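By written order: A, B, C, D and E. Residues from 1 in each chain.
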Amino acid sequence: MAIETPQEPAAALAGLDQLELAPPQQAKRHILAKTWAAAWPKLLALVLALVIWQLVYLSGFKSAILPGPATTLTDLWHQLHHAQLWSAIGTTLRRAVIGFALALVIGTVVGALVSRIRPLRAAVGSLITALQTLPSIVWVPFAIILFGATTTAILFVVVMTAAPAIANGLIAGADFLPPLLLRAGKTMGLRRVSLYRHVIMPATLPAFVTGLKQGWAFGWHGLIAGEVVVIILGQPSLGVFLSNDQDQADMAGAISIILVILAVGIAVDLLFNLVNGRIRRRWGVADNSAS
Amino acid sequence: MAIETPQEPAAALAGLDQLELAPPQQAKRHILAKTWAAAWPKLLALVLALVIWQLVYLSGFKSAILPGPATTLTDLWHQLHHAQLWSAIGTTLRRAVIGFALALVIGTVVGALVSRIRPLRAAVGSLITALQTLPSIVWVPFAIILFGATTTAILFVVVMTAAPAIANGLIAGADFLPPLLLRAGKTMGLRRVSLYRHVIMPATLPAFVTGLKQGWAFGWHGLIAGEVVVIILGQPSLGVFLSNDQDQADMAGAISIILVILAVGIAVDLLFNLVNGRIRRRWGVADNSAS
Amino acid sequence: MTTDPGLDETRTGAAIRIDEVSKTFGRGDTALVALDRVSLSVAPGEFVCLIGASGCGKSTLLSLVAGLDAPSSGELSTGGRRTALMFQESALFPWLTAAKNVEMPLRASGVPRAERRERVAELLDLVQLSAFGDKRPHELSGGMRQRVALARALAQDADVLLMDEPFGALDAMTRDLLHEVLEGIWRRRQLSILFVTHEVREAVRLGDRVVLLSSRPGRVIGEFGVDFERPRGMDSAQTVGLAIKIKDRLREEIVRHGH
Amino acid sequence: MTTDPGLDETRTGAAIRIDEVSKTFGRGDTALVALDRVSLSVAPGEFVCLIGASGCGKSTLLSLVAGLDAPSSGELSTGGRRTALMFQESALFPWLTAAKNVEMPLRASGVPRAERRERVAELLDLVQLSAFGDKRPHELSGGMRQRVALARALAQDADVLLMDEPFGALDAMTRDLLHEVLEGIWRRRQLSILFVTHEVREAVRLGDRVVLLSSRPGRVIGEFGVDFERPRGMDSAQTVGLAIKIKDRLREEIVRHGH
Amino acid sequence: GSSSASSGSGSGSSGSGSSHVTLRLGFLANITHASALVGLNKGFFTKNLGSGVTLKTSVFSSGTEETTALLAGQLDAAYVGPNPAINAWQKSSGKAIKIISGAASGGAALVVKSGITSVSQLKGKSLATPSLGNTQDVALRYYLKSHGLTTTQTGGGDVSIKPIKPNSAAVLQFKSGQIDGGWEPAPYDSEMVADGGKVLVNEASLWPGGKFVTTNLVVAQSFLKAHASVVSGLLKGQIAANDYINKNTSAAETAANAELTTLLGKGLKSSALAASFKEITFTDDPIASSLATDAKHAVAVGLLQPVSLNGIYDLGPLNTLLKADGQAQVSP
């Protein structure tokens, strides 16, 4: 059914809402400035960390065990020139991504069901948090029983550690859903799945993204734990490298691997930040962090 | 300065807002019903889980290694009658609580600073997530180097795993602070610390509590990892029990300890739920989870 | 969907029937009776305006009618008619643009994409926000948000329209315009409307009937039929005259109630 | 804190000075000029009402004056006076009760606890919400929330009061009452008030001056001094007469602007 | 790495009538399992198993996980220490596995701070072992017990025993003075020596002939029944590997380390590598007596329920091959 507009007053009023566009400004001018603004604090932090580390090293504190930055970075530099390390990063990252994707699906479904179905929430809501507290090594025997020494076993551990965090993020978000939006959705005739898809899901998106971040972090705990125990031939992985270096008391090597894991973590967080920033801009909360 | 009210119209209007109180109703009648509503789904879930477990066991699936519920629960029952287990639970819980308390303070301060100071955020914001991805065993060598084989070393691991999650919860909350509330706080003359205390902190409380929950879970990962490596004389702990049982391929024993950890996790989650429920009622979002 | 503008034969009786409805919030000491045995009915195609003091339970009544809340006692019915509710706050989805907000009810009722786009454009034009379709709620002014919410409510193609102070944040001119728009749609679609407002002249301008609610707890304390010809002016002598009568009546009630 | 109700000697000139202020939102293609070289000043102790179409930049102007946002060009100043802003939305803190919301500005300015309690009780009484002090915002009706926000703004003891449609959600009676309350406080505290409203008669009822803003981009297009005696009635012939004159002027502007 | 087939999850244990068999072999990535490392690296297994058999290797970081995998039917054969072997035997009431060969012997020592020169000085000290109830743990507890020193499973008693995982953490704690020593397998014992420790007891000195089993080769009984010839091929490969190790030690070291490098990304430091090979003897003899004694000791210190090991060995196939090879036969 088309809606007809009364013509005369609308015309009179047109000017009232006439959109005035400003002349296109120097739009891209800021891109370098922005990159710099994002980069300098990181660089400064890095330099500071290195300086402090070097000072600690020079002070001779536990220097028998703790290597200095020079040793460590040389080690890292050498490793970075080996295909081995890159292949390990590749393997581990692939597992992380696949495991995380599985956890995402499972965690989202479980979280959605648990957050919406009251008896289910009462039944297993607390269990989800409890599962999160289980150390990742707990899952390893079960993974081996079910899947043997396979990549699937590692993925199982990743999923078991990551999925509860993701589900919990969703549940936390749904808990603080603005009731007005829920009611608005309902009066529109949105029900169950469509209500979830169009209202609850987007409204909880911020909490959900936080949950994803936590799930990713938890997943890495499981991933490394799994990789250490289940070693797959021809697939060097960061977990194996790390445990091997620790086993051989090669602190420089271990710290190198830690730095690699940190670098991956930072890269992924920057990715999450992109998503987060986008959501924040959409929601109009982008300027909050300014004092 | 006192404010005087014009008297006449107010009097005329008094009736307009006269509060009518309903006669005190059967207030406490529902307490049993409520407890029951919270309990039956849990009991049902428990019974279901046991039945499925028993069926799996009876089907002979991996029965060489997977114990049935009868064996496991008998084992648990026996352990529960030993002071050992209780002492271990006590030790581990005490460490969890102390470590968590420390992480709470550190995570909150770091989160508050990072969420409000833009260059700091750019510098170390992503590092916080990256630190979370570091598997807990990474911290153990550092803990030993710094603190030796002491409880402090274990607490160090707990703090290093839990604090980033708590900080991240706070940051996530601050990211999605409703700008209107922030502006309201500012026009009231709230600045820096008082703005934080009176507006930002309470407004981010929901996300903060979620972060605490995640921090608690992460902390347990660190706790168990620490307890396995740093064994302290005369202080049996759940971590040691778990790793001993796993070492001896005593699945019944290991599952018993897992059940204990789960029980603790569930208990703590119920506690978090109390807090959460209270916040939700305050915020008027308590009825969301109903479909 | 009844596209026939005539009265549906199967639906007899009132479009909205509110029968001895009471609503109490809370329990025990802090219980608060918001509505006390309110009875009211809106005939199909009727435009009823509801007036009452701040906090007297108007919004509560609308959300009961919309089925968002259950009454403590009494019965409500819309005879199975599709009901749309425009909230007192704009209640837009902050993650959607204005256009997408308006589109949402169309998606909910499964209107195909191409038709949706067309309808959204029409509706935005109707509320004078064509140029703002791609803005998000936080980029709109208060009055603009209210107009988007109006467009969204109209997008629902409901038979019963519940409106909670829909024009409260609009300037006189825009309000006048939207009065005409609403009146036009109401006529064409044969809508039954329950319309909450604080502006007595607005109630007289729009309503077939103006119902007065007492302050807490809300009770129906009076009713005025408005029988002069449409379209009426907000500032016409007739409108102002009746408005003054209604106001006097309200004042009287309040003073009596207060003693 | 200036408890002396007289004019502070050190503050000379306007209480609010808005000088050729422009505000553009966004950049590039989607940039939107909300205010275009607006100049306006409010003398100490003056009550200025601002009227303009929906979306013309009134709220934007207030938040610039309050220092919550920076103008794209031009200058603003309140000469260091304490400024309170009552938002268009009530902007109450959802985690605090009504009383605690009202108490917050008092805490912010370090008023001791006992005095705070007393002041809060007074303020709640003033807005007729004494019985609702311990309710949380979600338990209040729209109009009640607006009144709590008013009480909170008054709690600030500012010299300059910026009010964005403060009575939009109130019924006529409550509004009349609060007009008197506000007028009384304004007089006693020698406040400078910039008051946004859509109700032309309300502007005439309260203002020393009524300033008209054109629609987007906002520009000052007219000014009316209101020189008849206070207290004025909303429905008095004088008020209605001037209001009609202002409305006509507005309509004229809009039509011209639209072509 | 010469032998990996990652295709399929392999359920070779059933055989399922097809002529093609997948053999899933588990081992640990350390030098006590050098027979497996060298066998794989030098292709002894693939050669002897023939083209009809796909060898699928699974590498673990601890024997416990191997036991778990064996009992869960995820492995057909595995190199395991004596303890996991006993565990798997006991947990399955003798139904899951058979030990079909030994692989390595020796290679563990009690290393302590240099100031400690006698057992009696251990009183009040704390010592590390790899994990509660493992071979070294049992050995230490039994050794202390036989010298009149008490221990408890929770670290109490005259000497405090701390099972510390991973072994490197024990080395670290020793290095930083948190513990006074540890009964650790190679190469960690030598690492502790390198960090200023001193060997108080070489485990070999406690055993008759200095020989005690460190690594066994076990197979799943179902697999043994279904694919005796495959098991025989596996044994052939293992005999060849041990032969090679004993005859070309330095080449074997290189091969083992190469295999470790493919597995772990980084091989052992040459010092640790050499020390390990020096301490460990690679032999096909399962040194059955030491397993029984080990079990008895474990029972004695309360870490094992009494268990009958009757029938845990099936050395027939091994002896057949040894005989054919002209080597001495072994006895259960």
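Going forward, a residue touches a chain if its C-beta (ideal position, glycine included) is under 8 Å from a C-beta of that chain, and two chains touch if they have at least 3 such contacts.
This is a predicted model, so every value here is computed, not measured.
Counting steps between touching chains, the shortest path from chain D to chain E takes 2. Bringing chain C onto chain D by least-squares fit of CA atoms involves turning it by 180°, to the nearest 5.
Centroid distances built from C-alpha atoms place E farthest away from chain D. Looking at B-E alongside A-E, one finds more C-beta pairs in contact between the chains of A-E.
Centres computed as Cα averages put chain A at a distance of 40 Å from chain E.
Taking each chain's centre as the average of its CA atoms, chain B and chain C sit 44 Å apart. Annotation: 28 Å between the Cα-based centres of chain C and chain D.
Touching two or more other chains at once are residues 30, 53-56, 89, 138-139, 173-174, 251, 254 of chain C. Across the assembly, chain E contributes 62, 64, 68, 71-72, 169, 172, 176 as residues in contact with two or more other chains.
Multi-chain contact residues of chain B, defined as those touching 2 or more other chains: 13-14, 16-19, 62, 65-66, 141, 145, 179, 243, 246, 251, 283-284. The residues of chain A lying in touch with chain C in their complex are 1-6, 9-10, 13-14, 16-19, 180-181, 183-190, 194, 198-199, 202-203, 205, 279, 282-284. Residues of chain C that touch chain D in their complex: 25, 30, 51-59, 88-89, 134, 139-144, 147, 164-165, 168-175, 198-200, 235, 244, 247, 250-251, 254. Of all residues in chain E, those touching chain A in their complex are 1, 4, 6, 9, 24, 26, 29, 57-62, 64-65, 68-69, 71-72, 74-75, 166-169, 171-172, 175-176, 191, 262-266, 268-269, 272. Those residues of chain A that touch chain E in the complex are listed here as 62, 64-65, 84-85, 88, 140-141, 144-150, 152, 228-234, 236, 240-241, 243-250, 253.
Per the touch definition, chain B reaches chain A in the complex via residues 37-42, 44-45, 62, 65-66, 115-138, 141, 145-146, 165, 168-169, 172, 174-179, 182, 192, 206-207, 209-210, 213-214, 216-218, 220-221, 224-225, 239, 242-243, 246, 251, 254, 258, 261-266, 268-270, 272-273, 276, 280, 283-285, 287-291.
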